[in-house]
Every structure is written in C-alpha cells, then in structure tokens.
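Listed after this line are the structures, all set down as structure tokens.
Note that chain A is present in both complexes that follow, paired respectively with chain B and with chain C.
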Partner chain A sequence: MRYMLGQIFSSVRFRIGFSIFAFILLTVLIYPLIITEPPLKTISRGTFLSPGIYVNVYDSIGFSPQYTLLLDGAAERRIAAKLNADDRASMKEWLVKAGLPEESIDTQDTAALLEVWHANFDPTIRLPGMTNADRNYYIRLNTALDGLLATEGATIAVPDATTGALKEQAVVDQTSYVNIYEVPNSRVFPLGTDNFGRDVLTELVAATGVSLIIGFVAGTVATVIGLLLGLISGFLGGFVDDAIIFVTNLFTVIPSFIILILITFSIGQDKRGAITIAVVIGLTSWVWTTRAVRAQVISLRNRDHVNLSRLSGHSTAYILMADIFPYIASYVVMAFILQVSSGILAEAGLSILGLGPRTTEVPTLGLMMNWGMIYQAHILGKWWAYFPVILVIALITFSLNLMQTGLDRVFNPTLRE
Partner chain B sequence: MNMKSDDIILSGKGVTKIYGFGPNRTVAVDHVDFSFKRGEVISIVGESGSGKTTLAKMLLGLTSLSDGQIYFEGKLRDIRTHRQKREYWKNCQAIFQDPFASFNIFRKIDAVLLDCIRLRHGRRLPDEQKVEMMREACRFVNLKWEELTNKYPFELSGGQQQRLMIARIFLLRPKILLADEPTSMIDACSRATILDMLMDLRSEIGMTPIFITHDIGLAYYVSDTVYIMEHGRFVESGSADDVILRPKEAYTRRLLDDVPKLHEEWDLSTV
Partner chain C sequence: MKFSRLAVIGLLLGLLMAISVAPAAAQELPRNETLYFNGQQWGSVVGWNPYSSNNNNAMAITQADSARVIMFETPYLYNMLDGQVYPLLADGPYTWNDAHTEITFKIKAAAHWSDDTPVTAHDVAYTWATHVKYMTPTGAGNVDYIEDIVAADDSTVVIKAKLSDDGTAVNPLIVQAYVSTNYVIQKAWTETLEARANFDATALLADTAEDVVYSGPYHGYFWDESKVIYIRDDNYWGQDASMWGKLPVPKYLAHNIFADNAAGTTALKAGEVDVSQQFNSNVQDLWLVDGLPISTYLPEAPYGIGASLPTAFYNLNSHGLDNVAVRKAIAIAVDYPTIIANAMTNQSATFEQVPRSLMNPTAGEQAMYDHAAVADLQWAGNDIEGAKALLDEAGIVDTDGDGWRELDGQPLRYVATCPNGWSDWQAAIEVVAAAGAQIGIDITTNYPEWSVYQTVVTKSDAPLPEGYDIFMMWSDGAGPTQPWSRIRKLLSSEFIGMTSNWNGNWGGYSNPEADALIQAIPTVTDEAQLKEMYTELVRIYLTDVPSFTLMYRPQSFHTVNESVWTNFPYDGDGTNPPVPPLDMTDGWGIAGLYNLELVNP
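What follows is the complex of A and B.
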C-alpha cells in the first residue's frame, strides 16, 4: 500500500493534479469557517459591484481618527479622476466648434483649460451637429467642474432636530486620511457582487463545494451501477450478458445528455434538489464503465486463478469480489475520477440550460453561470460574475483529469516514459 | 486402498464441446468416449489446439458440455447447483499449467491453503489444527510453512509455486487430479521433483492422476494408460507401452518424432 502510494505520487502529473484539487478542496472546507455568512445572502443594493474594498463613508468622515498626509501629486490624481482624458477631449471639441482656434487649447493644462471653458461655455448655445444627449452631457460636465480646482476642505453639517438648521460637525481637508483598519465598517469584495448583490467569492466557494458533492454522488452512482452490471454481465455471460449489453447499447446510442435533459425536465423545478440532479446524472452516465468493466472481466474470468478459486468452492459473489474486482480496481478508480469530473460538467451544462437544481437553497457552479448569463454579465462586461466560475470548473476538471492520467501511467507500465 | 482393476472412476460418452455458432462454430471436443480406471495414471496427449485443455475443463466441471454425459464413480455426474459443484470438487481437483497465473496475487499463501481446509473439513476446526495441517502439507512438498506464512504466492519461484499447488492437493485429498501441463512452465530440474512429488502424493492419498500434456515423453514416463488426441478426437488409446512403443496412427508417430533426442540431429521439418 505504502509502496503503491509512493509510486502514484512519483508521477508529476498526479502530483500537480492532486495539489490543485487539494487546494480547491481545502478552500471549500476552510473558507466557511472564517466567513460564516450564508452564501446566498443579498448584501448590496444594486447589482454587479466591481471587486474592491468598500469603506463606510459615514464612519470614515465622522467617527474615525483623521490623519494629515502630505503626498505628492495627490491633487493631480484627484483632478484626473474627476476629469478624465475623454472629458478633456470633449471640452476641446466643444470649444473648437464654438469658434476658438484649436492651437490655443491645451488639454493637459487643467487650469488654463478650465479658464477658457468658463469664459466661453454657454449651455443655451446650440452648436451644429450636436444632439440633445450631447447637450445634456455638456451641462452635466459643466456642473461637475464646479470646485474642481478648489483647495479648501469640505464641511460636514448635521441638521438640527427641531429647527432644521445645519450645524457644522467636522471639516474634511483635502489632505485628510483615514486608516481603513480603524474604520469600523468596511467590506472586501475580492470578486465583487453578482446580479442579486451577493458576495461572488463566498457564493463561489459554496457553489464549488456543492458542485464537488454533485460530482462525487454522480460519479459514485455511475461507477457502482457500471461496476455491478459490468461484473455480472462479464462473469455470468449467456442470457444475462445479452440482456445487460442490450440495455447498455441502447443507452450508448442515445446521447446521454439528451436523456439527462428529458429526465430533469420531467422531474420539475420544485422537486430538483442538488442531490436529485446528481443521482440523475449518475443514472445516465454508467454506460462506458459497464462496457469497459465487462470487457476486462471477460478477459479475466477464464484465467487460472479464477478457475482455482472456483475449484476451492468459492461462491460467484466471492469470486467477483476477491478474484476479479482487485484486478480491475485500478481501472475503476480511474473511471470514477473521470465520472466525477464529467458529473460536474454535466451539472454545469444542465444549469446553463435552466434545468439545474432549484435556485432557492444552494448555489452550484452551473447555477452561477446561469445567473450570469440571464442577467447579461457577459454583455455588460461584469467578468467577475462568470469568469471565476469558469476558471474553477476548468481547474477542477483539469486537476481530476491530470490525476487520472497520472494514475494511468502508474497502473499501465507500458505508458510510462 | 481399494483398487479393483475394473473399477471405473470417471467415464464419458459422446462428450462434445462446441464454441460459437453459425460461421464461427468451432468443435473443440468431438464426441469423445473414455473410461478412466481408479488408481491408474492416465495421460491425454495432443498438440496445441487439439482440445485437451477444453476436455480437462469439462472433466473438472468448469465448462459445460455441449453434448454427451460424464459419469463419476458409475453415476451420471450432476453438478448443476453450487452445493453439488463443491461436493464434486472435493473429489476432483486440478493443477494448472502456469503457476504464476494460478494464484490470486492479492491473497496470501495462508488464505489459499485455508480455503482447501475449509472445503474439505468445513469451518469448525481449531486454529492449531489448521496450522498443523498446513505445516504437514508444506513439509510434504519440501517447503517450510514458517517461511511461507504471511507471504504472497508471487514472492515464490515458479517451482515453489507449483509445489504449493501440490500442497493444496495434499490438503484436499481428491480422488481425481487433473494436471494440465503441470511441468511445462518450470525448469528441467524442478520438473522431475514435481513429477516425483505427484507420484508420491498418488500413493499417499490413492488418487487417480490425469495428465494433460503435449509431451509424449512425459506421458510414457509416468502413465499406465495413454489417450492420443487430435482435432478434438481420441485417435488412439491403450496402455502406454502399446501406444508409444507400437504406434498405429501417423499422428502418434509424428508426436514421437517431435520428442528431442540427445544424440541425433533435430528434424525441424515437421515443426
């Protein structure tokens, strides 16, 4: 046993695949211990918040200690954030159209640009070729330019409860800073939020766990059915073999994904739990395991050690378990790994079509892609809502397949380099 | 030991085995009649593909008969249920050709020997007695049980594995032993040892050995009665002296010519 494990882990492919898989598995196990929030809880109002650190504004201006930092270029960065290159180009375009010589406008010199702008801009003027939308944009831009170059701070005022008069509470200078760690409320969204305003990372970790369970259940069901049918059909032969191989051939020629779609569709949305889906996937994907196991058993059943076991008076069940199964166990383990990976993919495929588990209880990787697709994350460019999901699916199947080929090389010495 | 000369232990009438059907139909054994006397050493000789291994499997009850009957101790052999098969296998055992393929590589030597004790004596034996029986069986084939226990069969040499196979037979004490090419996969020195052990075992437990072999020299060396098999039929049978020293069939003569001789040039024209 120890020797065999050593052999298996000597394969580089297996080691890489195992490391990736172990990392994913550990993340799924440990992450919920640290972030105990339910994965499907709506956190943000508004959808698809981009990844980043969200700091409570009220807390940071009112209650956190403020520090003065004198940083070079802070003002330039502030102005650049408010007035980007596109806006500057638009301003220049307006001014040129209004009749100013093009050479006199320098978009890089913010102070000069603003001076020319304030001197010439008039929202009532209709320039030729300008649509209403363009006009509104320039009016908005003009309003935003107010106080752009101001150097004084902002005043925080609180309305008095009885009179309604504003009372000055605090002044925030342009050089004021807060330490994020001293702000009582802040939240990190490493992968932003999704269309329902849920934290994508928390959801992704939970979905990965559920998808792995679906994969393992589907793989176990498929492998157990495939193994039992293959063992029985190959060892007994005759009529039993004919009957089993007839059914197997039926399932082989009908694409299993279509059967899968039909079964899940007929189950109905409200009865489809994650485990139900997993069992259905398992029930439709045992075919190749059966065929492969049957072929191996047929080649094994007439070997001398099986004959010797029969001569020793063992029952058929015992012979299947003790004399046949150990010889094909390595193959079955490899087939199981592939079944797990194809189970995860099948769930993703079903959910994309809207036939996945019902959406109220648990997230799955397929459901997350489904939501991303329905709410047009791919069109809106909200990559964080679907790309990490694709990456996790790819990593899981990649690591499982890598482990499988690694095992193949250990168990089939002819494949060794 | 009760050894009447006309005491027939195993006989067959029209024993036939057909594989496949239609264009793939192959007659492996074609209406073979035989009667094996208790206590005699019998050899079935034939070249590869002559159907002798299929016949051996039918005699053992590992393969069903397509046609014909086999009689065991005068009665029609009935091994339809597993219980009947177990009963039959207490009386009829085998040694296979390739010792390396004959043992399950996942089971230890003790398990193999304990299976035999269980088949013959049932489950209710004290452990010390089982160990004593295994020790005795190993001693009979010149192996030390202490060195074998907790080992796997593949850790032994080919000759040792074949001796372990004989130890199995020693524990089971069957009435019939089918030895399918028992010495063809082991080296020449072990060969004589194995044959001598089988002969010792025969006199020890009074069984009827049936050798299945392509080696007509071996057949002459060990057997009382020889059956020559070609294309699924017995072409010649009789006492070893009659068949081998005075062969009637051309096929027998060819088999005899194929035996390598030390002081003559080999004639490879028939190979």
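What follows is the complex of A and C.
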C-alpha cells in the first residue's frame, strides 16, 4: 500500500492534480468556519456590486478617528474622478454648438472652463443634432460639477429632534482620512455580489461544496451500477450478458444528456433537490463503465486462478469480489474519478438550461451560472458573477482529470514509465 | 490548384444566384428608413386576422387598454399620461346621451381603407356584429355590457349600453372603453372572410387572413421565423390635415425575433435595435458604464412610468392563509426595497415613494383615494418585529420548538411560486421566501413552466392544488377603465368558479362589502363620492390582505438607442398632449412615430 502510494505520488501529473483538488476541498471545508454567514443571504441592496472593500460612510464620518494627510495631487485626482478628458471635450463641444468661439474655451484650465460652462449651460436648451441621451449626459455632468473646485470642507449636519432645524455636527476637511481598520463597519467582497445581492465568494465556496457532493454521489451511483452490471455481464456471459449488453447498447446510442434532460424535466421543479439531480445524473452515466468493466472481466474470467477458485466451489459473488475485482480495482477508481468530474459538468449543464436543483435551498455552480446569465452578467461585463464559477468548474475537472491520468500512468502497464 | 479555383468560382456563382432569387425584403433594409424593435414579438408570426387572438403577431394585432395601432385602428386613442382619449378614426369627442345609456361619435370623412374605400359607421357596426356572432374574445368580454352598436348613418356610430332593471347602463365604464380598445375592421372584407370560412366560428378564427384590409399606416411586408417587417402605406389616410397631417417618419418597422432577453440586449447595445420593450437589467449601466447613446423615459430611477402592480396572491384555501394575521405578517415582513433594488434593478418606484394601495403610481390614479385615511394601514416592508408580534398576538406560535410556527397544531409551511424563466418575478419570489424564514413560517420556492402554471392558476372552479400557496400574477396597467378594472380583478368574487379565469382574484377572496362597492362604482359620476368609495376599497384591501403588491412595473419597457433615430418621447419633451412611453406603437404613443428625426439626416 505504502509502495503504491509512493508510486502514485511520484507522478507529477497526479501531484499537481491532487494539490489543486486538495486546495479546493480544504477551502470548502475551512472557509465556512471563518465566514459563518449563510451563503444565500442577501447582503447588498443593488445588484452586481463590484469586488472591493466597502467602508461604512456614516461610521467613517462620525465614529472613526480622523487623520490629516498632505498628499500631493489629491485635489487633481479628486477633480479628475468627476471630470475627465472626454468630459472636458464634451463640454467644449456643447459650448461651441451653443455659439461660443472655439478658441475662447481652454479645456485644460479647469477654473476657466467651469466659469464659461456655468455662465452658458442651460439644461432646457436642446441643441441641433443633440440626442436625448446627450442631453441626459450633460445634465448629469452639470450636477457632478457642482462644488468641484471648492477648497473648504463639507459640513455634516443633523436635524434637531424637536425643531427639525439642521445643526452643524462636524466639518470634513478635504485632507481628512480614516484608517479602514478603525471604521467599525466595513466589508470585503473579494468577488463582489451577484444579482440577488449575495456575496459571490461565500456563495461560490458553498456551491463548490454542493457541486462536489453532487459529483461524488453521481459518480458513486454510476460506478456502482456500471461495476455491478459489468461484473455480472462479463462473468456470467450467455443470456444475462446479452440482456445487459442490449440495454447498455440502447443507452449508448441515445445521448445520455438528452435522457438526463428528459428525466429531470419530468421530475418537476418542486422535487428537484441537489441529491435527486445527482442520482439522476448517476443513473444516466453508467454505460461506459459497464462496457469497460465487462471487457476486462471477460479477459479475466478464464485465468487459472479464477478456474481454480471455481473448482474449489466458491460462489460467484465470492469469485467476483475476491478473484476478479482486485484486478480491475485500479481501473474502477480511475473511472470513478472521471465520473465525478463529468457529474459536476452535467449538473452545471442542466442548471444553465434551467433544469438544475430548485433554487432556495442550496447554491450550486450551475445555478450560479444560470442566474448570472438570466441577469445578463456576461453582457453587462459583470465578470465576477460568472467567471470565477467557470474557473472553479474548470479547476475541479482539470485536477480530477490530471489525477486520473497520473493514476493511469502508474497502473496501466503499457503507459508505465 | 485548378480544382480549387473552379470550386471558388462555383461557390461564388452559387452565392450570386442565391442572392438574386431571395425575396427583396430579406435583403438589408435601408437603416435610416427603418425603426428596429425588440421585446414585442416572440416566435414567428402566425396570421393577420384581427378577429382572432392566435395570430402571435403582437406588433400588428394587440387590442388592449392602449391598443397597438400600426396596422388596425381604433376610433379613439387612449393616453395613459393624461387619462384622456383622442380621436383617431373618430371625428371629435364622443358624447353620452342624457340618460347615460348611449355613446355617439362620428367617423372622420378622410378615413379610408387600404383598398381606398371609405371607413364608415357600417364597418364599426359590422365589426361588433361579427364579434358577437362568432363569440370572439372581444365579443365574449363585452356582450354583457354592450347591447348593440349601430350605424345611424354612414358616418354616425351609436353604441347602446346594456341596461339593468332600473334602466341605467350596467357598466358605462366598459362601454366607453370599447372605443379606444377595439379595432374597426372592414365590413366588405369581413364578409369575404365569413364566406371563406363557411360561416363557421372555428374556421373564421383560424383563418390567417393574409388578404386583410386595414386602415393603419403600416402593413405586413415580410415575415419568417427570424423577423417580421412592416412597411408604410404611403396612401395612408392619416396624412390628411384632419389627423396627423403627414406620414409617420420611418418607412419600415422591423422586429428581429430574438431567442431571449440577453440576445435582445446585445442587439440594443450594438445599435441594431432602436426601441426596446424588454426588461434590461441595470439599464443605467448602458449609458453610465458603457457610454452608449441609450436612454429611458425618465433619466433616473425608476426610468419608466409604473402602471401595473405585479402581485403575490394568497391561496385562501391553504392551511393558515385563511387567517388574516398570517397573511398580513408575511406581507409586512417582505423586504420590498431589496425586491425593487435587486429583482427590478431599481426600475420601479419604491413603497416609500408611492405608498401601497390599489392604485398605480401615476398622478391621476394617486389622486383617487384619500392618502391620510389609510396611512396607518400602509406598510413599507421589512417589519420583522411587527410581523412576529402580530403572529404572537394571534396565538400562532412555535409550540413544538422546531423553529416553525403552528396553527391548530399544524405547521405553517408554504410554497411560493411563479413561472420559470420570468427572472424578475423569480428573484422577487425568492425575497418573499426569505421573509418567511425570519418570522418562523417555512416558505420554499418552486417555478413550474408557464404552460403548466397558467392552466393551474386560471382554473378557478376548483381549489388550487398543492404548491400554489403564494403565487405571482399581474394586475391591470393603465387604461380608460382604471383603477376600477384593476380593483375588480384583485378583489371581486365574481371570478370564483370560472373554468378559465383570465381576470383575477385567483386566490378566491370574497367580501360582499367590496363586491358591492365594485358593482356600484361604474355608475357613479360624483368625484367626491368616487374618492370615498375608492378609499374604502383600499382600506378593505390593506386590512384583509388577500394579495400584496411586490413592485410597480411600467406598462411597457421603453428604452431607446439614439444611434440612428432621435426625438423619441421623454419626460418633459414638450409634446402636447404628452406622448406616453409606449414604444410608439400603443394608444396615443403612436404619435411619437410622427416626431422621429434622424441623428444624421
């Protein structure tokens, strides 16, 4: 056993695959111990918040110590955030269309530009060739320019409880800073939020766990069925073999994904839990295991030690388990790994078609992709809502396939180095 | 070498032949004469028969509160922004007689059909007669309220209301809505159709009617499974000074048939769609992030004018949902701001801005009830403590310690549902389910396919089956009979027992007091009295909570890309009467087609 493990781990492919898989598995196990929030909890009001650190504005003004930092170029950056080169050019375009001489407008001198702008801009005017979208843009820009060049701080005021009159509470200077770690409320979204306003990373970790379980259950069901049918059919031969191979051939010619779609659709959404889906996937993907196991068993069944066992009066079950199974065990393990990986892919495929597990209970990788697509994350460029999911699916299947080929190199004599 | 050259020449020749035999319409339409749409037509067009409701030809045939009038026309056009109707085929406003039992209006002298024959009062009368004779959906929906429509002379139409025993009209609201909701169809063509169908109702409604005569500015030009194109009739009567005085600007209206919303959004972003009638999530990103020349009717959230009230109905036969405390507790616990911000991506007014009632957010309807009188009953949601207190007070508590409350020893366990793939509804239902968990009521979600869902929900002659405890449906939008018709469909018990109930009150609510008010309102003309009655209905609705509104939704989504065309309607565009944001095809919205301009003429 120890020798075998040493053999397996000497394969570079297996080591890489195993490391990736172990990393994913450990993350799935450890992450929920640190972030205990339920993965399906809606946290943000507003969809697809981009990845970043979110700091409570109210707290950072009133409840955190403030520091004065004198950073070069702070004012320029502040202005540039609201008024970039394109905006300046657009302002010039508007002013020129409104009849001002082009040379009188200097887009680089912010103060001068704003002065001309404020003196001339009228949101009610619709210049020739200007669309409503342009008009909206200029009105938004005009609002953003308000107080752009101010040098004094902003005053925070609270309404008086009885009179309702505003009472000055604090002044926030332009040079005031807070230390993020001293603000009582802040939240990191390494992968932003999704269309429901859920934390994508937390959901992704939970979904990976569920998808692994689905893959494991599907793989187990498929391998057990495939193995049993293959053993029986290959060993017994005759009518039993014909019957099993007839059914197997039937399932081979009909694409299994089609059967899968038909079965899941007919189950109905209310009965589609994650485990149900996993079992259905398993029930439709045992065919190749059966064929391969049968082929192996046929080559084994007339070996001397099997005949000897037969002569000794051992039962068929005993022979299958003790004399045949050990010879094909390594193959079965490899087939199982591939079944797990294809089970995860099948769930993702089903969920993207809207035929995955029902949604309120657990997240799965496929469901995350499905909702991302429904809310058009891929069109709106919200990469964090779908790309990490694709990456995780790819990494899981990649690592499992690597482990499988690594094993193959160890167990398959023709490939052995 | 030689072979491949031959092959290339052969291929080119083949292509050339293919192009030359393809129908003219399949070729590229001139971009600056074509207005492209999305979100109105799904699947290929089946027919052009204005009597039938199975044409799957939404752009050409949609008879509704704001009827779609690009091909067939109604006597009047409804304007959802000011609540008025404006004459189209009709000449001047309609008049009620003194007894309020008959409507009279004239047909414009200039109005003529596509075959150049004049539109007459006889056409209007025969259209009605046909609807009744063959019991079309229009006939069935109006026959209880309209006695007859007759032609007093060639140009004068008289609509006679059905009278109740006391000699007053049964429902004058529905009678007057007829003039802006239903098309006028040519008598001569209808007679041809009847003869062709052998006077058989089924055959008549199944006829695809490609020879149909119409009076509107556009007609079918090309249609297949990928698109439908309508071309302008340059002989359109409406260019007469008595109507528009000119032709609508685009020569072609084209609607590519997209697979789903995502495909539609991609085309809108690429400038291949000018007018988008579909839910584009986070629509503001299209201009704020992508900087595209795209805009909506309002520049800021909610981006459109809310007109309908997508609503969660309670199945009043489910265990515990017959208890008003349970119904109200769930309704006040729901996190509506999250539904609006996340499911609708802010394309709905919030319940802080427009407190819940039975009215849509338009100013006209909001003025129809006394806000102060029901302020105590209105809720904005997220009231978990209030909901818990309400349940505790009613004695509905968790007695067996499993975390879920019980009523009469049975746990409160519900399925909340809506059709699969209706993304904003599904996301809203998820939020409803989440509220249940917070107040100790177990709510799970389920999304059947629409084909199943609609059959189950609209079957009102038997209790709803398991799995339909809380379910989402729509309510009426803006129209000439509103808010009365919406209220009727939310509260009236008259729909209980219908085998096919496409009206409302699917949960089976019954309240004689509400029924009496709904019955009385159509004949009331005194505004103060009306307001009092509407306020009372709002009070009943918010007290009994037979259903609850989850969001406000625009009549049509109206997002435009100004890459090619501009001067689409927008809030404050200076049009008078104001052109509503109805994609320039519905009701008075069609006026927008006459104002369009090219960005680069």
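Simple rule for what comes next: the second predicted complex is superposed on the first by the 388 of 417 C-alpha atoms of A that agree within 3 Å, B and C clash if a C-alpha of one lies under 4 Å from a C-alpha of the other, contacts with A are read in each partner's own complex, and residues count from 1 in each chain.
Just so we're on the same page, a residue touches a chain if its C-beta (ideal position, glycine included) is under 8 Å from a C-beta of that chain, and two chains touch if they have at least 3 such contacts.
Remember, it's a predicted structure, so these values are computed and weren't measured experimentally.
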Combined model on chain A where chain B meets chain C, clash or fit: fit
Touched partner set for A:G164, first chain B, second chain C, both or neither: neither
Touch count on chain A, higher of chain B and chain C: C
Partner chain in contact with A:S309 - chain B first, chain C second, else both or neither: first
Which of chain B and chain C A:Y375 touches, first, second, both or neither: second
Partner chain(s) touched by A:G354 [first = chain B, second = chain C, both, neither]: second
Which of chain B and chain C A:A133 touches, first, second, both or neither: second
Once both complexes are placed on the shared chain, angle at chain A toward chain B and chain C, C-alpha, multiple of 10 degrees: 120
After fitting on chain A: smallest Cα gap, chain B-chain C, Å: 47
Set intersection of chain A contacts, chain C complex versus chain B complex: none
Residues of chain B that touch chain A when the two form their complex: 57, 60, 62, 82, 85-86, 89-90, 93-94, 96-98, 101-107, 112, 115-116, 118-119
Contact footprint of chain A on chain C as seen in their complex: 261-262, 265-266, 269, 280-282, 285, 287, 289-290, 292-295, 299, 335, 337-338, 341-342, 345-346, 415, 420-421, 423, 426-427, 430-431, 433-434, 444-448, 467, 560, 562, 566-568, 570, 573, 599-600
Partner chain C, residues of chain A touching it in the complex: 42, 44-48, 129, 131-134, 136-137, 139-140, 195-197, 268-270, 354, 358-361, 373-376, 378-381
Parts of chain A lying in touch with chain B, wherever the complex brings them together: 303-305, 307-316, 322-323, 326-327
